[in-house]
Amino acid sequence: MAKSKLALAALVITILVASSLFPASANAAKTLYIGGTMSLTGPYAEDTAAVLAAYEDYAKYVNETKRMAPWRNEKFPANITLEVLWRDDELKAAKALTIYEELKAKGMLLYRISGTPVALALKDRLNEDGFGAPSMGGGPYLITPPGTIFTYYPIWTDDLAAIADWFIGQWKGTRKPRVAYLTNDSGGGRSIEVPEMGAYLKKLGYEFVGSQIVPLVPTTPPTTQLMWLKENKVDLALGVMINAGAQPTIKEAVRLGMGPHLDYKITFGMTASSPLPVFAPAMGEVGNGFVVAGSFPPLDDISIPGIKFCNELQKKYHPSKWVGHIQYVAGMLEAMTQVEALRLALQKMPFEKLTPRQVLEDGFYKIRNLDTGDLSATPLTYGPGKIEGVDAVRVDQLQKGKIIKLGVWPCRHIYKR
Amino acid sequence: MGLRCGTFRENYAQDMAIFRTRLHWGVLFAFLIFLFTCPLFFSDRILTVMTMIGIAIISVHGLNILTGYCGQISIGHVGFMAVGAYTSAILTAKLGWSFWPALPCAGLVAGIAGLIFGLPSLKIKGFYLIMATIAAHFIIIWLILQLYNVTGGPDGLAVLKPKIGSFALNSKASYFYLVMAIACLATSLAINIVRTRAGRAFVAIRDNDLAAEVMGINLWSYKLQAFFIGCVYAGVAGALLVHYYGFASVDQFPFMDSVWYLGMLIVGGMGSTAGAIFGAVSLKLLDELVTIVGPVLSKIVAAQAAASLALITRGLVIILFLIFEPRGLGHRWGMIKAYFRLWPFSHEE
Amino acid sequence: MTFFLQLVVTGFALGMVYALVAIGLVIILKCSNVFNIAQGHFVLIGGYLGYTFLVLFGLPIWATLVMAVVVAIIMGLLIERLTLRPLVGQPELAVIMMTIALATVLEGLATLIWGGEYKTYHGVLPTVTLKLGEISVPPESLIGLIVSIAAVTILMLLFRYTKIGLAMRATAEDLQVVQSVGIRATTVYAASWVIACVVGVIGGILLGGVSGVMIPLAEIGLKAFAVVLLGGVNSIGGAIVAGIILGMLENVAAGYLDPLLPRGGLAQVFPFIVMIIVLFFKPYGLFGLVRIERI
Amino acid sequence: METDRPVKLWIDNLLLSFGGVSALIDVSMNIRDNEILAIIGPNGAGKTALLNCINGFYKPQKGEIYYDGQRITRMRPDKLAKLGIARTFQNIELYAGLSTQDNIMAARHVLMRQNFVTGALFFGWAQKEEIEHRQTVEEIIDLLEIAPIRKKIVGLLPYGMRKRVELARALALEPKILLLDEPMAGMNLEEKEDITRFIIDVFEGQGATYPNTPVLRDGISCIILVEHDMGVVMDIADRIVVLDFGRKIAEGTPAEISTNPEVISAYLGKEK
């Protein structure tokens, strides 16, 4: 009896697997897919959950109104519906590969990138198959050829260049300011350790001291690394950290008396992977003086049209489950980019003949000054050689628990390989 | 090894043969023909899944020899895959070697790394050895990051697809052939290793290392040989993996994957070559299944909850296998075969 | 000099945390001879429980500890009964694989219940900042020290004065003797898992207060393995001493050697390097017993 | 009668202790060619410890062991196995996961040449070698009458059968010296008779019945037997050594030992 149950279970599983392995028959309704691989488990779980929520909301909005955004006049073709297609890749290269093939077989025409391991595994394939893909990360793998992965942040080195620009502008010391990297132990985190970055800092008039590595998610505070900064009289620490790394690091720094307003004067500047609007409420006064470049405007600043739009969508589609994570904005930007690429491609080619390469060449590459309602630092523009959508870096600082915009600096395009 | 009723062996060579009857050979050829015609009627997606399964099979064969046969539990297998992967990547991308000599070199270097980290196995066993292999994983990954000039450190290395003459194995189908050919070769070599002198020594060490030594087996030498062979397999699998990705990066070799390779051994059945294949196939398919089911479930529960069910499912599968089928699918397969073989009359030896 | 002393003091703090996690490992190893890969995941669950009770329910710290201990006891009993007991008598690998599977399930549950999010409760735990001259003593070292001492004292009392404690000590020596005097081995096993869960969960609450909680917090379990190896697998005292030694060594080595290395990051891998060295030269640890093989 | 045969194994003043507890104290003895030497003594007398020293499993603190004039003290067990010292164990130590046939094949290890590379390639040389050794193994299986369990996994066999497989495995090494540690423990009368017969058959050699296997053809040079069953010991041993609390208290022919007062007191307790 137990055996027959076992056999039955095995049969059901086999059928499920088999049915899922073969692509579903072509759908009669005209549906275009957006979305792609998501990392819903693993270190980027919370960020990705917010991104996915934004995708779902935006798809519903476009399907209902056929508009691209309240502030835009273009219309999405009325006979086509959008559907969000996603799979959890656990931020693993091996899984990303089979997921990509599956979604491609399902008829997806574009893709998205959830993080470095996924990007590195898929880069060549995306290029071969002509897929365009916005990316949640901003590592230099985006820049290196072939350039079919797009970012709506500046890439990390440009973020840090903007912070360096700001810091040197307000430096009052008599000696050269001393700068070091305090960055996390991941592909993205270590991607800033390139000679070009060092050269740029030197050019600005910094003295470069060295770099310290902090785990992506530290299990214990990085006291040693912070002590090293203190020992080496560093004035500005630059790096890539996600929130889970930044919070304990800054907390420990404050405990050690390190900060712009504390005994030992040092400023910590991080890239946009450490979203300030999440950091600020959790840290409050403790995070005083923390600088983040390329971040998004906070979700409660409804004077910004894009944020107002995000809030309206959330209220409308899931009033009981509010997504408070700032990466919702990232998801919104990705969804807007993907849908815009589809819309542009549809103008050139009828739905039936659309291929990924056309979405890339007539869609992504043709995006000019996409108005994101100020969700991104500048409107987004992409092209064959231009994968950084924005031209400027917004730099924010946490001051007395409030996010203060320090200004906008142009992208320096540091990383050239 | 039983045979179908009415089949008799007349000499020792026949007794040792794996494929004896016409039926055996027929099934083997049918399977091989099926395998190598797959690209004709399967989509890229299925080929990708099968290619990944093929690479996993190669890797699990190595782990099976080391852990399943020799009893030296390793949770650092992925670290050795990384060694092989980077060896091949450096040889081809930096030194301009062809893929074909680079592949055996990848195996060899990974095997040597295995020897180094296998050295403590002489003095220690059980969880002490597990610790050594875990340490091996992290030290290897750290070293790869340190050797920035050769390995590209965090940036990784772009790797070219293998070429035969001027024909690059770019398509899914051609790489599928490559992986399957190597997987078949790896399987047959593994079968032969475990049924001859070295294989018996491995099992002797696993089942009773003290008696094995008294019976003339040099523990040190054979434990190291097991590490070497196991890591050669890992190295080859790792090299195939990065050439498939087209890129080598430490992120492609996460620690938890080692655990899943062990999981494949458990599900398939330790110390059985067929088990290694069953394990790799079933856990990889399960992985595909839970990935696909996630978004479906997300219509009922939150997306993230749905995704986390994948983790729970995989953990539960291992737990259930450990409790209810500790000898794995390979054993179950043997019983099914035995049932049909003995039908209708029992003929046993 | 300040730099060096600060590294040592911080290392001490780190070591106390390692020791706390390692104690749980050692207890299970001693009593049921199981190497528990999931110990780090008990810490993870502890961190999330701390967040749940402190922030979501707004309970005071003592109530949080009580509630968390209750949850830990239930968790320990369930884990032992449902997953480990069916494996009594199975080979070592099966048991280790079971704890690995357990770790996966716990990780999945944490993602399911708490969304795998980064949760913090900064400022809820008392942050004591001690200053010795220019050196500031991290709070977790004090908390870790206090909790470790408390845990060890309670365990000592338990082992000395209660029947189950005596049985647990005896089980480590000879299972058959214990069974022959009428104590069921399963009771001892269950008790050891409960204690390990409780110790892990308390450690998690403390750690969560310092660095926040997220799935990778479970990786602290891996470092605790190194501590256990150094201290010897059957010595609680050894685990504490080894934890402190390792924490200090790691910090000092990283502080001085990192700048010399092309890419740094030594602290992450240092426990594993120590582990390999220990395995090569003193495989049974500083305080472990060498077993005599019989044939 | 004793002096006319050469000494095969010479044990000289052996001292073995574990952290202060002495297992063997100044034990000396000779084992000569073509004899069965029995070691008897109460539990804990150091009989197994002595065997463990002879095949290198324990390293004695003092004293030496010579085999055919060669010093073999503290040599690795696997090297001693290659020299021709094989043994069985008190608590059966078989490879539980292998079949009977493979257990015996595994002991042919020292006599085989192939390595994992030739083994992996199998066809040709390795296959030929496997077949040769299979022949020998089959002869041993035949002599010990275990053919029906040839392909069975030994972990599932009954106790008596496993003891027999262990003897077969020791023989497959083609040893010059065979150490048997309580081969008859826990057996019923019939099984004991079988094993006794096998020991004598093996010791004496079967000549032309098994022409291809030297050990079966020519017999074994000497057997050291640790056994509690005094009946068996008295029947088959040429000489007996008695150990008590790690010391040798007597040595002699069965007849001498059976009347030795010290032996009787060691076995029955001192009556003073």
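Read from first to last, the chains carry the letters A, B, C and D; within each, the first residue is number 1.
One rule holds for everything that comes next: contacts are C-beta pairs under 8 Å (C-beta built on N, C-alpha and C of every residue); 3 or more make two chains touch, one makes a residue touch a chain.
Since the structure is predicted, the reported quantities are computational estimates derived from the model, not experimental observations.
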| item | value |
| --- | --- |
| Required steps from chain A to chain B (each step between touching chains, minimum) | 1 |
| Of A-C and B-C, pair with higher C-beta contact tally | B-C |
| Identifier of the chain whose CA centre is least distant from the whole-structure CA centre | B |
| Distance between chain centroids, defined by C-alpha means - chain B, chain C (Å) | 32 |
| Intercentroid distance (Cα basis), chain D paired with chain A, Å | 72 |
| Centre-of-Cα separation between chain C and chain A, whole angstrom | 35 |
| Distance from chain D to chain C - Cα centre to Cα centre, in angstrom | 48 |
| Of all residues in chain D, the ones touching two or more other chains | 57, 89, 93 |
| Two or more partner chains touched - positions in chain B | 145, 153, 210-211, 214, 302, 304, 307-308, 310-311 |
| Residues within chain C bordering two or more other chains | 108, 111, 115-116, 263, 265, 268, 295 |
| Sites on chain B touched by chain A in the complex | 43-46, 48-49, 52, 145, 153-156, 170, 172, 241, 244-247, 249-252, 254, 257, 285-289, 291-295, 302-304, 306-308, 310-311 |
| Chain C-touching residues of chain A, taken from the complex the two chains share | 40-43, 45-46, 49, 185, 190, 193, 210-213, 215-221, 223-225, 227-228, 231, 243-244, 247-248, 251-252, 255-257, 282-283, 286 |
| Residue numbers on chain C that touch chain B, as the complex places them | 29, 35, 83, 86-87, 90, 92-94, 96-98, 100-105, 107-109, 111-112, 115-116, 222, 225-226, 229, 233, 261-263, 265, 268-269, 272-273, 275-276, 279-280, 283, 293, 295 |
| Complex contact set, residues of chain C against chain A | 3, 6-7, 10, 13-14, 17, 108, 111, 115-118, 120, 122-123, 127, 129, 136, 138-140, 207, 210-212, 214-217, 219-220, 223, 251, 254-255, 258-259, 263-265, 267-268 |
| Interfacial residue positions of chain B with respect to chain C in the complex | 67, 71, 73, 117, 119-120, 123-124, 126-128, 130-132, 134-136, 138-139, 142, 145-148, 153, 210-211, 214, 259, 262-263, 266, 270, 302, 304-305, 307-316, 318-319, 322-323, 326 |
